[in-house]
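Heads up, the next two complexes both have chain A, just with different partners, chain B and then chain C.
Here is the complex of A and B:
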């Protein structure tokens, strides 16, 4: 049956219209958040009952942003979150990929059993181990520049180290590594490459997609951390952004400042995503098996 | 040689000059008000004044967001990381004392003799905490509304009866001027329900738990009085007097001011903003449903951590902070009720003839502290769920019976929470 160009255009138009409407549903909360961050509370609350909530109309100013910075050390919280998240993501990619490399390519006794145990940890909710983990980290030693300390509470390390290795990231790497052509690994070994050289010269350059995926997932988990920092960090100087959100919920909630704060803490997430999206596409374009 | 002597002299002089500072023992303090600029400013001023007023102690503060403060303290208690001075919400205090987070204040209770009862945290016969302010709720209304609807203005001596209150709601509803007659703040299902609504239950003659033993809720929460309360409570929603649990969160801030409601059940922390927006606002006492008119009592208070090695220093600070000038500063700053009559006279809102003086009287005359038991933290949640369910149409008797079972099971599983 011949395609009628007019019908094709109409169908294309309808399809894009539906897609745009669906996209709007997802983008509306963000639009509401950003627009509301510029409105005074009285107007923000009044606008919620109309489409004005999604439009930058009325009394628009940066007052909520100034208010947010007065109410909480926003820069410090963002810096803490970026630092903790960045360090955890980098260390996680290294440690988990090494573990996965061992599970995928090395032959050692108990490997399959241990991999099963690692994967089984996926079904354990963090909340169930939060208290035992708290008790553990509160007693662990640490050697710093000023000597030996007992207890990791109120530090960056307590927010980073327990989160470096996790079953999901290891599992992602294992699955990806197993799908790589075995001939590449065998050829490298035949030509005299050590396992370490295979890891960083052969496997990792081919692992762009899984690195990007694991990094995005880990970033989101770490940047959204709430319960763990809440119970292990009592000093403001180490608090991350999600715990900082609580600064804005007083008896009289300043909703405009809440929206301004949320907008500000969304910036690093969007930036990271946009940066990694490019890396993700580049990694797909530059990797592959040459025939 | 001369240089050495000079150096030695400088070192000795420096040591002598620094001696008072070095002698100060450090006390740590946790506070729930992170993000509250005014509270933080006043509290920092008190700490600064205390630290310079004597040479024995120096207090450092760490502020936490209010919503997560209790969780942070519970976690720190587990990890053995509590500070010397703890800020504690009044109704939660017995739980913290029972759990071993707090120790009794090493201060004679007579030092706080003129404090409002709700500002003193007493558990098991011992004073554990003292508040620098008190909170109260009232029925917000416009004088013009009362006049238009032909309603008597209730007073502390002669509050509205149940019939008068319902007649007022009926009149407001019949006027057709309001979307709803009454705003209860139903969206806030945290501790607001037990703080704001359990006094209605108590005014009916019931309670969340049997206060004579604190070992059961049987009879208190599901007896005849409680059943009557439950049916009345449900009628507020089935009768269309008040919005239900899906009420717009913005209503407590804008609903009454914007004219959506004729009456609003709200706290004095909203009073200043409401006065600024509504010229003829009046704050009315709670209705009397038969067993006296009641409102909740007890706000944030200061106590000494059980782990503190320096309870005497922590007590010194609490006594210092409880001076009238600071109580008045907090009241002027955040609008809450100063806990002593002398401090009230120093404030702009609560002095005799002040626009909010009525709240001090309400607090003095009507206030009833929430159940003084470690189990309250659970009971409040159970009570909140029961009230939300009833508001949403659940069977009153079944819901209250289920709530009693849940509360009793919790009391039993905790060995009676230490009540003898």
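Here is the complex of A and C:
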């Protein structure tokens, strides 16, 4: 369709139409999930052949939710995931930004080589190092309240520590730091700031957008952890949400309860996203904006 | 307050030597300006004094103390940057107080010193704004405010006014001059702008390719340039250089001339020339005056004229096809193609050796 270049209103309309369609494509699975979580299995399966799948019609009840709670300790799993994810995100922001600060601003021997090694780790899929990493963490020491013991399996730390530092997050920070005006860093040095003061008084306050981006990426990775906790956590008390999904795929799959469980575990994700939404959008938009 | 002294200072980036052995002594309270063409190493030299670049070789002393190995904060210097470098996430007040905050000053002390800086720079009404709400000139004022609150021993400026428009640049130039008289602190100032250099400096350091060409008071450099580079660098329009033949040598005086220049006698100023050899005669455009036909020293044809109101700049082609610029401080009309004869006071001309011939 040829659009008159002067016809601003029509162009705007078409643009919004396209955006709405794309938004719908993304939102339909969510609508399906939430609506299905209120339906008994027989109706849920029957509805999938019609548009009723996206509508809250028929035999609506909270039974699936009660069922989900009977079948699995949903609250515990969500708590575990939120704890592990929250701790990893916070530690990752701190550790990776410090590492990137050093790569971007300090001068030391081997810096550039090490940075390329860090970036090169991006191409290694986690599956290839999962088993060696498992062997490693099963033998590492730990000093807890009850003294020294060996092996990290069945704990929160085994789910957190290996995931704190990663090449992508460090790379994101390095790129952002290098784009900050160098004169700002130099000015604060001349004004007497130590490197540590430069970090928390100047660089961090200007890093809102990259902090939001890094936090969201890490959050998604951590909240969706499956393979790693599956192999390092056998005790139910440390199990995260995605591994918990296995409770619903036994002999007879209870689809309604699966949908109820999925709906419940989506709540923290949406909350987190809504909290950081403004910062996240700002981070996407900030590429061309300077203070 | 402090004196600054550079002794045999060199700087290399990798294998490239950028600063090739610089000796400068700056007295306490002196205002020294570094000038030179782009890329000659002015900023690098300034940043070495600030402690932002390390010194490859040589000694840097501030206040009689060798500071080569000291961090910027230990050197007692403050620096104002070309792009202002004020912190966008802080208010003007916080920006000005930054150095004091870092040093752990009390709230009372900060308040008092910020108020003082704001008064000196006349920006009391801007203190609660963010940098994004300020004009370029105001931002630079904030940067200067930040520099003066800590009472540094030495101020460093790296082209602080080059991002401002012409009118504002003049205001700020005068302001820096006033500030300088008020504070009496040693200042080192890098600029491209000749007017800034001439009006602000006690002494000017002319740099070229990482080497000092000449150090001296502005008028000393203008009237007694040590070499052809300095002669051509200072003054606008820049000095004319004519290739001339040395016709005769008599102690301190040489007789020179060429196809378009009548023979004249010029002081050699202890430079070595050879009778029958070549030399270069430097004459500032402002020293040239038009005269009646038959009385001139130089003969040319007007190629182009620019009327600036207070001044007329004429571009001439001489008999030997060389170009010559003349600047007359009156408004006059010249037609391209007009023949013209010019004269000048020969004591004002400079004779330089012809570099191509000496080696």
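Here, the second predicted complex is superposed on the first by the 261 of 291 C-alpha atoms of A that agree within 3 Å, B and C clash if a C-alpha of one lies under 4 Å from a C-alpha of the other, contacts with A are read in each partner's own complex, and residues count from 1 in each chain.
The criterion applied here is as follows: a residue touches a chain if its C-beta (ideal position, glycine included) is under 8 Å from a C-beta of that chain, and two chains touch if they have at least 3 such contacts.
Given the structure is predicted, the values throughout are model-derived calculations rather than measurements.
Room for both chain B and chain C is found when the two structures are superposed via chain A, with no clash between them.
Looking at the superposed arrangement, the partner reaching more residues of chain A, out of chain B and chain C, is B. By the touch criterion defined above, A:74 reaches neither chain B nor chain C.
In the superposed pair of complexes, A:183 makes contact with chain C only, with no contact to chain B.
Chain B and chain C, viewed from the C-alpha centre of chain A in the overlaid structures, lie at an angle of 150 degrees when rounded to the nearest 10.
Of the two partner chains placed around the shared chain by superposition, neither chain B nor chain C is touched by A:259.
Contacts of A:247 after superposition: chain B is touched, whereas chain C is not reached. In the superposed model, A:48 lies in contact with chain B only, and not with chain C.
Following the chain A superposition, chain B and chain C show a smallest Cα-Cα distance of 50 angstrom. Residue ranges of chain C in contact with chain A, taken from their complex: 47, 50-52, 71-73, 77-79, 81-89, 98-99, 101-103, 131-132, 143, 146, 150, 156. Chain contact summary for the complex, chain B toward chain A: residues 30, 33-37, 62-68, 71-72, 75-76, 78-81, 248, 250, 253-254, 258, 267, 269-270, 273. Interface of chain A with chain C (complex): residues 181, 183-184, 186-194, 197, 201-202, 205-206, 291.
Considering their complex, residues 41-42, 45-46, 48, 70-72, 131, 134-135, 138, 151, 153, 230-232, 234-236, 243-253, 255 of chain A touch chain B.
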